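Letters A, B, C and D mark the chains as written, and numbering starts fresh at 1 in each.
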Amino acid sequence: MSSFGKIFRVTTYGESHCQSVGCIVDGVPPGMSLTSEDIQPQLTRRRPGQSKLSTPRNEKDKVHIQSGLEYDKTLGTPIAMLIKNEDQRPHDYSDMDAYPRPSHADYTYSEKYGIKASSGGGRASARETIGRVAAGAIAEKFLKQVNNVEIVAFTSQIGEVKMDRNPFDPKFHQLLNTITREKVDSVGFIRCPDLSVAPDMVKEIEKYRGQQDSIGGVVTCVVRNLPTGLGEPCFDKLEAMLAHAMLSIPASKGFEIGSGFAGVSVPGSKHNDMFYYDEESKRLRTKTNNSGGIQGGISNGENIYFSVPFKSTATISKEQHTATYDGKDGILAAKGRHDPAVTPRAIPIVEAMTALVLADALLIQKSRDYGRSVVH
Amino acid sequence: MSSFGKIFRVTTYGESHCQSVGCIVDGVPPGMSLTSEDIQPQLTRRRPGQSKLSTPRNEKDKVHIQSGLEYDKTLGTPIAMLIKNEDQRPHDYSDMDAYPRPSHADYTYSEKYGIKASSGGGRASARETIGRVAAGAIAEKFLKQVNNVEIVAFTSQIGEVKMDRNPFDPKFHQLLNTITREKVDSVGFIRCPDLSVAPDMVKEIEKYRGQQDSIGGVVTCVVRNLPTGLGEPCFDKLEAMLAHAMLSIPASKGFEIGSGFAGVSVPGSKHNDMFYYDEESKRLRTKTNNSGGIQGGISNGENIYFSVPFKSTATISKEQHTATYDGKDGILAAKGRHDPAVTPRAIPIVEAMTALVLADALLIQKSRDYGRSVVH
Amino acid sequence: MSSFGKIFRVTTYGESHCQSVGCIVDGVPPGMSLTSEDIQPQLTRRRPGQSKLSTPRNEKDKVHIQSGLEYDKTLGTPIAMLIKNEDQRPHDYSDMDAYPRPSHADYTYSEKYGIKASSGGGRASARETIGRVAAGAIAEKFLKQVNNVEIVAFTSQIGEVKMDRNPFDPKFHQLLNTITREKVDSVGFIRCPDLSVAPDMVKEIEKYRGQQDSIGGVVTCVVRNLPTGLGEPCFDKLEAMLAHAMLSIPASKGFEIGSGFAGVSVPGSKHNDMFYYDEESKRLRTKTNNSGGIQGGISNGENIYFSVPFKSTATISKEQHTATYDGKDGILAAKGRHDPAVTPRAIPIVEAMTALVLADALLIQKSRDYGRSVVH
Amino acid sequence: MSSFGKIFRVTTYGESHCQSVGCIVDGVPPGMSLTSEDIQPQLTRRRPGQSKLSTPRNEKDKVHIQSGLEYDKTLGTPIAMLIKNEDQRPHDYSDMDAYPRPSHADYTYSEKYGIKASSGGGRASARETIGRVAAGAIAEKFLKQVNNVEIVAFTSQIGEVKMDRNPFDPKFHQLLNTITREKVDSVGFIRCPDLSVAPDMVKEIEKYRGQQDSIGGVVTCVVRNLPTGLGEPCFDKLEAMLAHAMLSIPASKGFEIGSGFAGVSVPGSKHNDMFYYDEESKRLRTKTNNSGGIQGGISNGENIYFSVPFKSTATISKEQHTATYDGKDGILAAKGRHDPAVTPRAIPIVEAMTALVLADALLIQKSRDYGRSVVH
């Protein structure tokens, strides 16, 4: 369905070529300062056309808040937001109409719904994520006010070009401790904070653009200052909710938290995060953080960090030998300009989905904290 | 919370040392033949003590069906199942009581609940998964009757020892097309169908056992014969639900579907799965399957395959320099025998969680199919 | 929260004095013809200013569909709808600001949210129901196409003036069998199909209007042609979902289905609905229908009928001796013109909420029917 | 489905003639003292055979807690409870097998599930409510510890014999202010605290028992000391959740809160509950309580009170002219002894469902309170 979250809950709507896209955010705490200024920056970071590396369609994506605010304070009631589809061109893709785009959602939507939207993949469009980013911005503002929770995502790989994200390397953790969104953006649209590889990433993208092709990448995200105790122990472990959130982003193909896939070959004696008493925070902390800030599904107060691979963009201008909906072999070459690498634009979406997961987990835990505080 | 699924829905209960563990399965279609014989095999595959590679505690794990059946047919009402905790030893771990086990859930449970179960991590115990496996067996039986849906998981890595799981290698796909659960089990408890690496995996585990240490691994899972059209387009994409399910399994640290992390460096022109018309099935199929059977969040009828890394077991007998709950440095060495590698035992859990995701997605889609069939 | 339904699901937003009110409807079957023409009539029936009996504020309430449609066919994706708040007068009630309106939601909202909207009760405004009515119109169209399901509500009481709604009177059932929405509206805005009492109801309202007072009433609703088997047996019995829906309508104070409160004094031997075989429909039917079309929480194919009392409007111009938020005694007299009886306007809301309950129950049951049809 | 609640959530299972009935209660705050002694009393109040007025089958209904406790303290994990079906007699009703019992769930279950349980109505059995009562006892204990919340239900009508429950009568409110569970039970199994009518109620039941018939009644329930601010403003108004809960109890046919059906004929000027400042509680209270403690869907701190009609028991020994499943006319006379009036036994079920609604609403509101307390 189109809703996410239990207590802090977003419901989104909209396709590429309808009147608008947007969302309703339910469960926002009342009395919080909020204006469109809090929401627009992440929408702007998400939209295409920010650099020559991305598609030059100039979508403006201005948010219009419909409800839930008065005098720039939240009322505690649902906040509806809409962003107009200014670029409504339902027939722009018409030449492709006979072909389901390979590795896009055209074929599966047609199987699922028995109806083909002129926009092909319908809700599989990247435009669907606008509502999530708008909602995530509200969740982020809330988390910031709770405990100065910080969420920063960045590009850690484009094609073959990788920056170090070795979980057993202290330098990587130093980066996670200090990286800011400003720092990420200062590098340009590639959004890779490692200046030793960022230029090569740009070149990688330009190479595939030149070939009318596309390439994938990896986004890594860190969460700092999250309180302990968040996440439900069984099915709704905090990492399970994050994985759910990340794999719901178009083009994502995976998720790993903490030591992830690399950690499986490290024995328990080295992989286990030993405890020590931290004088500054007056509580137990761990000497290493191979767990990625979550143990047994519950946050332990260390940084949460995870990575998400995004495949190469499915829609390319290069010719593809494929078949039409009715089974005839043929050659498809998408018209128009297409984004050769969506990875950098996925960053605000990763941040938004992370914020939505955490805001919800926090509110659920706080109701438990209350219960725990009154019973005996 | 302790429930999973919308229409086909399981709720589990139980810790290591309480009376019993179990579940309630709601939404099972009525009129299906079912006895404990359908459920016991996967419980038996899950339980420890199956070989010298796993912990020798002899848990019997016999399922007792409480409700929802009459004359070995499902009534359509909730099926409750319980499995007694015969091995109730609440004080067995008592020496460890002063220490939260590193990378286990002891510390985070204590932060979350403010109470420490004698079993430490409480629901983080592997015993909690018994209810899931019992429920998954029912889901599997249903899926089998729907379209002969087959779910087979196997060990694809232990420590440094890997079998080929390159998504771009046709031989890997040949394996996915043909592997059976019988074949997997015929290798022994290591459950790796690649006989060229399975013995080395066994050695890897024995090496760490000898060192009173532990080691991680990767489970790969394939789903065959799934109908097209399953999965919801936005937040509840089929891969998002699978990722949620997999990361909810204790000790799992990630998820990748189809080409996963490896796919990000392959350009769109090679990564895209081109369509062709398949005479046998009379529908479009794809020449390659880098998507892993899901496009735009919806099943496309090809094999679904994914991998899940499991970290090395947190509880080890080797000495660990860590701290007590109240912050004093010290040395912890867990008593008793511990499973040096949980990966092979995770296999029926991976299969169960997969079945639960698919049964629910199928029933939701079938209600939509109905709606679509009557409107005009 | 602001969502209702599991598979056919509406989420609403909006207060009296924000930009717009509206909703997102998720789970609408794909391929259904739909335009704003299908939705506007019920919105128009709901809005005030339809006669001198209701408030003369001329709200236009024109629906704007944002998404989920292409070429007047549903895509199966979320349908967002918005209705602008043309009458934005946040300060119109300013003289009342010191007083929480008695029996309105001003005080409880202030307790719940700690913030006072200029519109006082915030979401408690009748305007919130616009989104429900819009969503209900889609549910109704779907139900109509399924089995010609008909939902008709009407005014059965205003103040002391009642029409016969004795469940043991065959004439009442004859009315339930034949009443149409056209017939209901033909009586005028009072919407009572019993012409022997309708004029007295009008007089009753006018009497209280003349006294700057208000009066309550009862809405009765019938559902015809609903298939058997809808409703879940335990917590989500069909009557429980209907009761939930009805008590969620502002100003409603109760619910009774079938024989309701009157039935408790009738012994089982008379109250039980005996079965007979109906040649026309080729199935069992009941000779009487004291059950109100639902037995054990599940529809039995007979008419569903129920009644809902609505209290007298809380906002009145008559002086009221009450207290201010800060506890000072005083006299409150609401400015402006107020609806002396909301009962007739509640009719499309009752119909909408009924349709939402039934569409959801139908889709859930159809997924079970599918399961039941394939298992053995 | 078989679950109820969002944060404090119960899932039940079990039919009349299976191994056991029971439930899983999720979301119970950790650290609360709890033993079966807290749960058994309400189970005992619920069970039949307590007096000659009810069915003499001696069900023992002893609760067995399976999980979620250690050393008599809740762990915060799911609490599973089971109550054995000692009276397993699947064939006791065999003569009735050809007939769906009129106004029972036999026919609708057969339509819904396509399978007939030997117990006929399957989950429609009153035994299903055992799990609810067990869960409700935990919710009650929690509410008691929060704010000394008290929930007391009593019989207010049997057949034609009514006690005063006029919402505009101060004496009725005096009763609501003072009635205790002990007082209710002191009257005997009839559980009507008005001694001027209780004996006539007993006679009413005995009359119908003598005729092998049955009779209905009304349960009235009051909640005292509930904090303000509980309930969600739109679909999940507190009264909507209560109505949902009450109509989910077998044999219930309605719900009215506060002035209910009687209130519709009282003008706003009299019906509105005027505010005054209460020196004792240092907050606004209302002079009257026609609202029934809820305004705009949110608790206002006054007593919540509501009434629920229960129809006459469907299963009677008296002969009934009805039809068999396959449509043949005939005469059905149920064997065995049947409860001529379930109303008094419904009392602990009404209390349990009320507690479940309130515990959930409280925990949800407390998460909002937290959010509200930290934002600015």
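Convention: contacts are C-beta pairs under 8 Å (C-beta built on N, C-alpha and C of every residue); 3 or more make two chains touch, one makes a residue touch a chain.
No experiment lies behind these values; they were computed from the predicted model shown.
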Intersection of contact partners for subunit C and subunit D: A, B
Of B-D and A-B, pair with higher C-beta contact tally: A-B
Identity of the chain that, by mean CA position, is farthest from subunit A: D
Centre-of-Cα separation between subunit C and subunit B, whole angstrom: 45
Euclidean distance of C-alpha centroids - subunit B vs subunit D, Å: 39
Centre-of-Cα separation between subunit B and subunit A, whole angstrom: 25
Per-residue multi-chain contacts in subunit B, two or more chains: 1-3, 12, 27, 30-31, 74, 76-77, 112-114, 122-123, 233, 368, 372
Residues of subunit B touching subunit D in the complex: 1-3, 9, 11-15, 17-22, 24, 26-27, 30-31, 64-70, 73-80, 82, 90, 112-115, 117-118, 122-123
Residues on subunit C engaged by subunit D in the complex (per definition of touch): 1-4, 12, 99-100, 102-105, 107-109, 111-114, 121-124, 128, 157, 159-160, 208, 211, 213-218, 228-237, 239-248, 250, 253-261, 263-269, 271-277, 284, 286, 290-292, 294-301, 309-316, 318, 320-323, 325, 327-329, 343, 365, 368, 372
Subunit B-touching residues of subunit C, taken from the complex the two chains share: 6-7, 27-33, 74, 76-77, 142, 145-146, 233, 363-364, 366-372, 374-376
